[in-house]
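Shared between the two complexes below is chain A, which pairs with chain B and chain C, respectively.
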Partner chain A sequence: MNKIDQYRRKFLGAASAAFVGITIAPGILLQAGNAATAGQGVSDAQRWGLLIDTNRCEPGCDACVQACNKENGLRSIHGPKTDAQWIRKVSLKNRKNGHVLNMPVMCQHCAKAPCVDVCPTGASFKRADGIVLVDKHTCIGCRYCMMACPYKARSFVHEKLTDQLPHAPRGKGTVESCTLCVHKIDRGDNTTACVQACPHGAMMFGDLNDPDSAISKQIKSLGSQQLRKKLDLDTGVRYQGIPV
Partner chain B sequence: MSLILIIVALFAALNMEHEGHYITGMDNQIVWGVPHVVAIFLIISASGALNIASIASVFGRQFYTPLSRLSTVVAITLLIGGLSVILLDLGRPDRLLIAMTYFNFSSIFAWNIILYTGFIGIGIIYLWTMLDWQADKYRKPVGIIAFCWRLILTAGTGSIFGVLVAREAYDIVIMAPMFIVLSLGYGLACYLLVMCLFLPEQSWQVFKHRLSRLLAVFIVCGLATSLFYHGANYWWFDAQAVEDFLLFGDDIYPWLIWGGYLILGNILPLLLLGFHFNQNSQASTLLISSLVIAGGLVHLYALIIGGQAYPMPLIEGYDSTSSFFDGVIASYSPSQWEIMLGLGGFALSLFLAGFTVRVFRILPESK
Partner chain C sequence: MCIAPVDEMRKNHMTMLLHQRDKTVQQGIRGQPASLTGCIDCHVTPDASGTVARSDDEGFFCTSCHRAASVKIDCFECHADRPAEMISQLDWKSLNPINHTSLLAINQQSFPYALQFRLETRSMALNQ
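Then we have the complex of A and B:
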C-alpha cells in the first residue's frame, strides 16, 4: 500500500509539474488538465477490469482497435514495426484440431505486473484501482518493461509526435500502453472506448472487486481465464471461451 | 582512430535522439538491439578484466602484481564504455538525472545502476592503493571488496535477463552464474588486447606464456558453461522450442552460435593457443583476443536478439497471428546508427585506457 501511495504522490507531483508548464513538444502539455485529478479518489476498493468473450469476437472486425486509436490519438507513422499499438486483434489457431479463436489483446493490467517490477525509475506504476500506467515524466525509455511484459502490450514511441490529444499525453522516447481509458474512468464514464465500440457485445468493463457488478456476475456464472495463466500475474483483463 | 569512432558514435546518438528510434533497426518486437549487446558485453568484460588484479591481491599470486594496475584501468574503462552505450541508447538520455535519483528497489536494473557506479568508485580506490605506496596496506581489503562487488555485478547483469519470466529463452537461474564464468574469458581477452596494443614487446615476453595459458583455461570454462546453459535449457527447463530455434532453426542464430561463437570464438583461439601459434607473439595474441571478443559478441547477440525474436505464446498449443507480429519470428537488421554507437563504446573504452596508460604509471615496467 505504501508503495502505491508513493507512486500516487509521484504521479500527482508530476501532474502538477505539468501545470507549471513542462512541455513535451511546443504547445503540448505533458499532462492534461484533468490528469491532475487522476489518482485522486482512487482507491483499492475498486479493481477495474475487462471481460472479453472470444465466442462473440468476430474475425476481421477491429472496431475496438479503431476506437482506441481514435480515443488516444494513435496513428500509423513509420509502419507496423514501430507504430504504437495499444490494442490489437489476435487470431489464434489450435495446432492440433484447427480450432480458431479471435480476441483483442491489450495491456492486461496485471496485479503482479512484471513491467512495474522491472522499471528502474518507478515510471511504470500500478494505481490503487489496478490500472497500470506509465508516468511520462520519469520514463527514461530503457524499454526494460517491454522486455518484461509477457503480452507484448507495450509500445515505444519511435518518433516525434505533433498531434497528441490533451487527455492522452505521449512523448518520443518513452513507453506507453493501454491506459484502460483512465481519463474516461476518472471522469466517471464507467467504460472504455473499446468496450463502447464493440458492435458484437464481446467486451465488458467493470469493477472486479464489486460482487454485484455485471462483470463480476458474468465471471461468476461462466468463469474466466487469463492469458498465459501459468505466469500467475492475476490479470485485470479476463477472457471467456479460451481453453483452460 | 578511437577519437574518430567516438565522435561518429556521438553523432549517431544525437541523430537517434533527435529523430527517434525509428531510424534504427530496433522496433516494438526487438526492443533491445546491438547497443545492448555491446553494452552487456563491455560490462561483463569489465568485471572479468579485474580478475588479474584479484588474482594478485586477493589470491596472493605475486606474478600478477605488476599487471594489476592495467587490469583495474581496463575494468573501469570497459565499464564506462558499456554504460555510455546504454545511456545513449535510452529513449530519453537527457533524463540521466532521473535515472540516478528515482530508484525502484524492486527493479534489478535500478540495483545494477548502483552496482555499476559503485564499481567505478571502488575501482578508482583500488587503483590508488596500487599507485600510492603509502596506501599499499589497503590494497588487500579493497581488493577483496572489489572482487566481491564484481561477482555481484556480473550476477546482477545476468539477472537482467534471468528475471524475465515472459521470455522462454531467459527465465532460468543459471543466467547469472553463466555471465560470471563468461566474464573471465571475455575480460581477459579485452585486457590482453589493450596490453598488446600498449606494452612494449620485450615486456610482453615476460608474461606471455602464463597469460596465454590463463586465457585458454578461461575459454574452456566459458565454453563448458555455455554448453551447460543451452543443454539445461533444452533438457531440464521447458525451453526446448526456443533452444531448437536458436541452435537448429533456419535463421541466422545457429550460424552465430555454432560458426561464430563455437568455432571462431572458442575452438580456433584454443587451437592457436594450444599450438603456441607464432610463439604467442603480441600480434598473434591480438588476433586470438579479437576472436574471443568477436565470439562473445556473437553469442550475446544470439541470446539477446534471438531470445526476443522468438515469439511468445498467448495460449499454449495455439499459433497466433496479428497486426503486431504475434506468432512470427521477429526480424532484425541493425542500422548504421546502432552499429556506430556500439563501435563507439569500444572506442571510448580503448581511448580512455590508452590515455590513462600514457598519463599514469600503469604498465608493468620492462626488465
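Then we have the complex of A and C:
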C-alpha cells in the first residue's frame, strides 16, 4: 500500500468515527446552546434564525419595531432621514389583485453575507452560529456594507450618543444592524425582543440546524421563502406567505 | 473584591479588557472575569445625593487616573458608563422615540434600495 492509500484510509477512518460521535450524542449538542456562558465559544452546531408568517403580520402594527428600539436603546436624534432603524415594516401591494403583504424586514443573517465580503477591516463578520454582526472596535465607518446589503438592513450612527445600554454598545462613526438579540441568545433566553413582542404570533425564533426545533418543524410542514432568493444568500430569516 | 490585586489591575487592566473584548464579540464568550460591564458595576456607584460621575467627569473611576497619565480612551463613546439598573430607570418614552410614520414614508418612497426591493418583490408577485 503506498503512502497516499495509507493517508486516505486514516482520513476515512477518522471521518467515520466523527460521524458516529455526532449521531450518538445529540444530548451533548443540545447543551452547546448555552455554552457561551460556560466560557466556550459559540459553535456552528446551531444556526439561529427567524420565521415570519406574513399572513399573520398586521398592517399598521409596529410592536416588533418598538420592542427592538427599546431592547437596544435606539432613539431618534435628527429625524427619520438619519435615525437608526434595525427593523422596518414593509407593505407590498399586488396591483393586479390588490393583495397586500405586510412583513417586518431586518438583517436577514445570510450564510453568504455580502456585507462580510465587502468589509475592508473584517469588522462585519458572521459568528459561528450564523449571526451576522459588526465588531465596532474595528469598524471604520466606511459604509461599504450598507451599499452591499440587498435588504438595506444597516444603519450608520451619525451623532454622538449617550445613555447606551450595557448589553448594546453603539457609537458615532460605526455601522450597526439587527444583532438577532445576541445578548439574549448568549444568556440562554432562546428568543428575541421582536418575537416576544409580536401580539399576533407572526414571528418565531429557533435553531434552523436542529430538526426537532419548533421553527424547523414549521418550515418542514409549510415550507419557507427567502427575500430576493435569486441572490442565493441562504438567509437565516425566513418568511411564509410570500408568493414565490 | 476585584478580580486581581490592585497592582496587577493597574498594570494590566487594558490587556485583560482588550483580550476579552474580541473573545466576547467574535466568539460569544461571556461571563468571564475581565469585562468592562463588570468594572462599571463595581466602580461606578452613586454618591450620597444619588448622582453618579459620568465618563467625562474628573471623579469618574477611569478618568481620574487616565487624566493624570494623559491617556485618552474611547470606550465610553459606545459603552455605558453606568450600571444597567441606573439606565433602565430612565424613562425610555421621554428620550425621543423614533417616529415610525415618517420612517415608513421614507422607506417606501425615496430610498432607491427600498424601491428596488419593492419592485422586485412585486414582480415576483405578478409572475405568480
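Keep in mind that, in the parts below, the second predicted complex is superposed on the first by the 203 of 244 C-alpha atoms of A that agree within 3 Å, B and C clash if a C-alpha of one lies under 4 Å from a C-alpha of the other, contacts with A are read in each partner's own complex, and residues count from 1 in each chain.
Everything below uses one rule, namely that a residue touches a chain if its C-beta (ideal position, glycine included) is under 8 Å from a C-beta of that chain, and two chains touch if they have at least 3 such contacts.
Keep in mind it's a predicted model, so treat the numbers as computed, not measured.
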Which superposed partner A:133 touches (first chain B, second chain C, both, neither): second
Which superposed partner A:207 touches (first chain B, second chain C, both, neither): neither
Chain B versus chain C as contact partner of A:71, first or second or both or neither: neither
Chain B versus chain C as contact partner of A:156, first or second or both or neither: first
Touching partner for A:121 - first (chain B), second (chain C), both, neither: first
Which superposed partner A:227 touches (first chain B, second chain C, both, neither): both
Contacts of A:182 with chain B and chain C, given as first, second, both or neither: second
Touching partner for A:144 - first (chain B), second (chain C), both, neither: first
Which superposed partner A:166 touches (first chain B, second chain C, both, neither): second
Common ground on chain A, meaning residues reached by chain C in one complex and by chain B in the other: 77, 80-81, 83-85, 88-96, 101, 105, 137, 150-152, 160, 172, 174, 227-228, 242-243
Chain B residues within the chain A interface of the complex: 17, 19-22, 27-29, 31-32, 86, 90-93, 95-96, 98-99, 102-104, 106-110, 113, 160, 163-167, 308, 312-326
Touching residues (chain side chain C, partner chain A) in the complex: 21-23, 25-32, 37, 40, 74, 77-80, 83-84, 87, 90, 92, 95-100, 102-108, 111, 113-114, 117-118, 120-122, 124-126, 128
Residues of chain A defined as touching chain C within the complex: 36-42, 62, 65-66, 69-70, 73-77, 79-81, 83-85, 88-96, 99, 101, 105, 125, 127-129, 133, 135-137, 150-152, 160-161, 163-167, 169-172, 174, 182, 186-187, 227-228, 242-244
Interface residues, chain A side, partner chain B - complex: 10, 77-78, 80-85, 88-96, 101, 105, 114, 116-123, 137-144, 146-152, 154-160, 172-175, 227-228, 230-231, 242-243
